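See structure below.
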Amino acid sequence: MSRAIYPGSFDPVTKGHLDIIIRASKIMDHLTVAVLDNPRKVATYNIDDRLEMLRMVTKHYSNVEVGYFKGLLIEYAQQKNVNIIIKGLRAMSDFEFEFQMALVNQKLNADIETLFMMTNSKYSYISSSIVKEIAAFGGKISNMVPPEVHEMILAKYNE
Amino acid sequence: MSRAIYPGSFDPVTKGHLDIIIRASKIMDHLTVAVLDNPRKVATYNIDDRLEMLRMVTKHYSNVEVGYFKGLLIEYAQQKNVNIIIKGLRAMSDFEFEFQMALVNQKLNADIETLFMMTNSKYSYISSSIVKEIAAFGGKISNMVPPEVHEMILAKYNE
Amino acid sequence: MSRAIYPGSFDPVTKGHLDIIIRASKIMDHLTVAVLDNPRKVATYNIDDRLEMLRMVTKHYSNVEVGYFKGLLIEYAQQKNVNIIIKGLRAMSDFEFEFQMALVNQKLNADIETLFMMTNSKYSYISSSIVKEIAAFGGKISNMVPPEVHEMILAKYNE
Amino acid sequence: MSRAIYPGSFDPVTKGHLDIIIRASKIMDHLTVAVLDNPRKVATYNIDDRLEMLRMVTKHYSNVEVGYFKGLLIEYAQQKNVNIIIKGLRAMSDFEFEFQMALVNQKLNADIETLFMMTNSKYSYISSSIVKEIAAFGGKISNMVPPEVHEMILAKYNE
Amino acid sequence: MSRAIYPGSFDPVTKGHLDIIIRASKIMDHLTVAVLDNPRKVATYNIDDRLEMLRMVTKHYSNVEVGYFKGLLIEYAQQKNVNIIIKGLRAMSDFEFEFQMALVNQKLNADIETLFMMTNSKYSYISSSIVKEIAAFGGKISNMVPPEVHEMILAKYNE
Amino acid sequence: MSRAIYPGSFDPVTKGHLDIIIRASKIMDHLTVAVLDNPRKVATYNIDDRLEMLRMVTKHYSNVEVGYFKGLLIEYAQQKNVNIIIKGLRAMSDFEFEFQMALVNQKLNADIETLFMMTNSKYSYISSSIVKEIAAFGGKISNMVPPEVHEMILAKYNE
């Protein structure tokens, strides 16, 4: 059985993330989308908001579960009894960093494989930081995030 | 069920290829390793030799099957009822070409996903063409190909 | 006045090429789309076919002219009294080669500038060689080339 | 008419920036060199100093105007009635980031094109941060910035 | 006589660093391994700890000396009467940054050459920041740093 | 003692090659510039012409010797009792290929190190194939090759 985890910051969830989630859920028996709770990185949305975003956009996918973790991904993967880590790649600079992390994770546990999916070319220009940058200046982001997330972001910046 | 295909020229099969095959066979329910019979590319080993190499190195992996195809990969994948294409990436230049092919294949059939695995860093310097180059000049290739393949290559170049 | 040239093999013309032509024609006063007649490269379509493709797809753009040249681009640019060379970039590997060519052309004539436009992400997976590869195996290329070119390619491969 | 904007931090203006300004001014009818006033980035020189640097180095170019903006580039470009954004590329890492930004800007306003110029190879090693790093340790920067800017930087660090 | 300097942060020293040191010491007459004391970067280990790490791992290499510097590398190299700077490259992103620095240093002093060595593929996944990241979460780092350094790191994080 | 080899096709010798030769000769005790006689690649200039070019441009450098080899570089390096291979890098695409070759050579003989020097930015646009392309179309190449080589190329193409 193929049990996979798709980790990320999801700060916020973009259409690019959702595209990877949907495609991965089709080819894996079970998929955990996991928010990394990184104490050393200042996030715009708190963990609860990000979990809520993920729950909203994944609610129609029955083999998708939402979770979060602190610490090493590979230890969380072991706890969840997962044998596959899914990563989305948009560009070359992603590639180098993600390959290094995949090699590190392979050294830490050779039984867990990292598989890379390319981001849909429609969404290759989108990243969480671009979305926040544009939203902060009042630009239009409705093409960049799922509608449920859009509402949450507008609420956050209009408060 | 996850049914995957790992396509390539395998001219000849290297330790890098075998590493991908073994790792992919562990996380997929079924894996077809498929030799591309490309009429426009001059191969060093004929299709039968390459199929024989693959059969020798995969014989202990019960969920691995060996095959070959002409024409478009995506059509062969449909025939084999496969939903996943596995590609190994060694380096950036691989990355660009393989991403373009993955996008093309996604346009041709959106139900078949391409998943990338990184080559083990131990084998990142190995490619089929490097092996042939070194073998042609009498250099030592025993670290670069599986033992069964090594014997077949030596036989070929010593005839 | 901004007079530009957009050179290429156009073997065949793709939707990616047409996208660059239309966008460049909007920001330049005059645009020459020029087929390179390279005696050392075997083309699938002859010069007349490629000129015909370009004429068909550009006929509604009044400031666009179609031409062809042999030899050095920079000399053709001088003859056409052009001060700008337009190049489309899809990927990193394009980038390196095109930057080297731009530096060479700058050394040969510092008054002619090379300007790069990025390919629309919708078309980033398309290249002339991919189109020919897929067409040769009977795959569907209607999403990859303009309709007028599609008919010409089908005609060519069905003869 | 080709009206372009060349945006940047210009913290400080380098010989590489000036080279792009001069070359762009030759092929564009009008060029606005625009300082980005980014409230979230700590600059070494304040906006007034940077505007002064740009005015000094561009004063002999009659079709060049100096300006500054806060917020989204694309909105400033609309206000200035500009149809072209000029970006200089030095290296691959520039390329990836700039292409993403160009795609974002294209989504926000498809009528404004981003055109890339390659940095002159003589100046490819220069960046504003390198200049500041070397100046901070008392190294020689006279080859890296225009003479007018050099004087201003020396004044700043010798106070 | 070939006198070289191998500069770095060494925060902490990894097996990748040690591999470069050993290989460089074999082909150079004299090698200074030099810790950069960068006042603007927060280090995990202080200069004395890092010098101690380097002394421990290099003590059996008679032509290797350990040192540290503030300010510009090129000035330190002049003081040490060195004509070669050694840099290790792991990946493409290293490459771009290091090439820019090498060009800058060449402008500052054309008599000092930068030579690049590739990192052993066994260690290509290791960097000082990865080591600290894994150590901070209690992961296993014994494969990533020399044994002497391992003890010092464990001591540091277990205090 | 540092004994190095700088291998290449030198078809023809460019100003970029000469720059590497001069800089390497300054930091190495002895340098062999070695023409690869590759039977599978069609050269424009024969081995004797290329050796003559190298002898002309290196005659004032007393520690530089010119040679040629067939077969594996690593075996030639062993014969010449060399412990260093020098390679010039111009760009990223060079980098990947050369790193793979360096890893292969390290596996074949771990006592011979490959050291990379960056090409002077003045010559980064020059390659042997660019020179031949421009010369073939009657373009000006006097800035791209040493004067002695220029005369030989003009003679060759004007016969």
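A, B, C, D, E and F are the chain letters, set down in written order, and residue numbers restart from 1 in every chain.
The rule is short, and it goes like this: a residue touches a chain if its C-beta (ideal position, glycine included) is under 8 Å from a C-beta of that chain, and two chains touch if they have at least 3 such contacts.
Every value quoted in this text rests on a predicted model; they were computed, and no experiment measured them.
Least step count on the touch graph, chain C to chain F: 1.
Contact with both chain A and chain F is made by B, C, D, E.
Counting the residue numbers used at the interface between chain A and chain E, under half appear in both copies, so the two copies meet with largely different residues.
Across A-D and A-C, it is A-D that has more C-beta pairs touching. Between chain C and chain E, the centres computed from C-alpha atoms are 48 Å apart.
Taking the mean of the C-alpha atoms as each chain's centre, chain D and chain F sit 38 Å apart.
Chain C and chain D, compared by their mean Cα positions, are separated by 30 Å. Multi-chain contact residues, meaning those touching two or more other chains, occur in chain F at positions 92-93, 96, 103, 121, 124-125. Chain pairs that touch one another, listed by label: A-B, A-C, A-D, A-E, B-C, B-E, B-F, C-D, C-F, D-E, D-F, E-F. Residues 91-93, 124-125, 127, 130, 134, 137-140, 143-144 of chain E are the ones that touch chain A when the two sit in their complex.
Taken in their complex, chain A has these residues touching chain E: 71-72, 74-75, 92-93, 96, 100, 103-104, 107-108.
Those residues of chain F whose C-beta lies close enough to touch chain D in the complex are 92, 121-122, 124-125. Residues 2, 23, 26-29, 83-84, 89, 92, 95-96, 99, 102-103, 106, 111, 113-118, 120-121 of chain E touch chain F in their complex.
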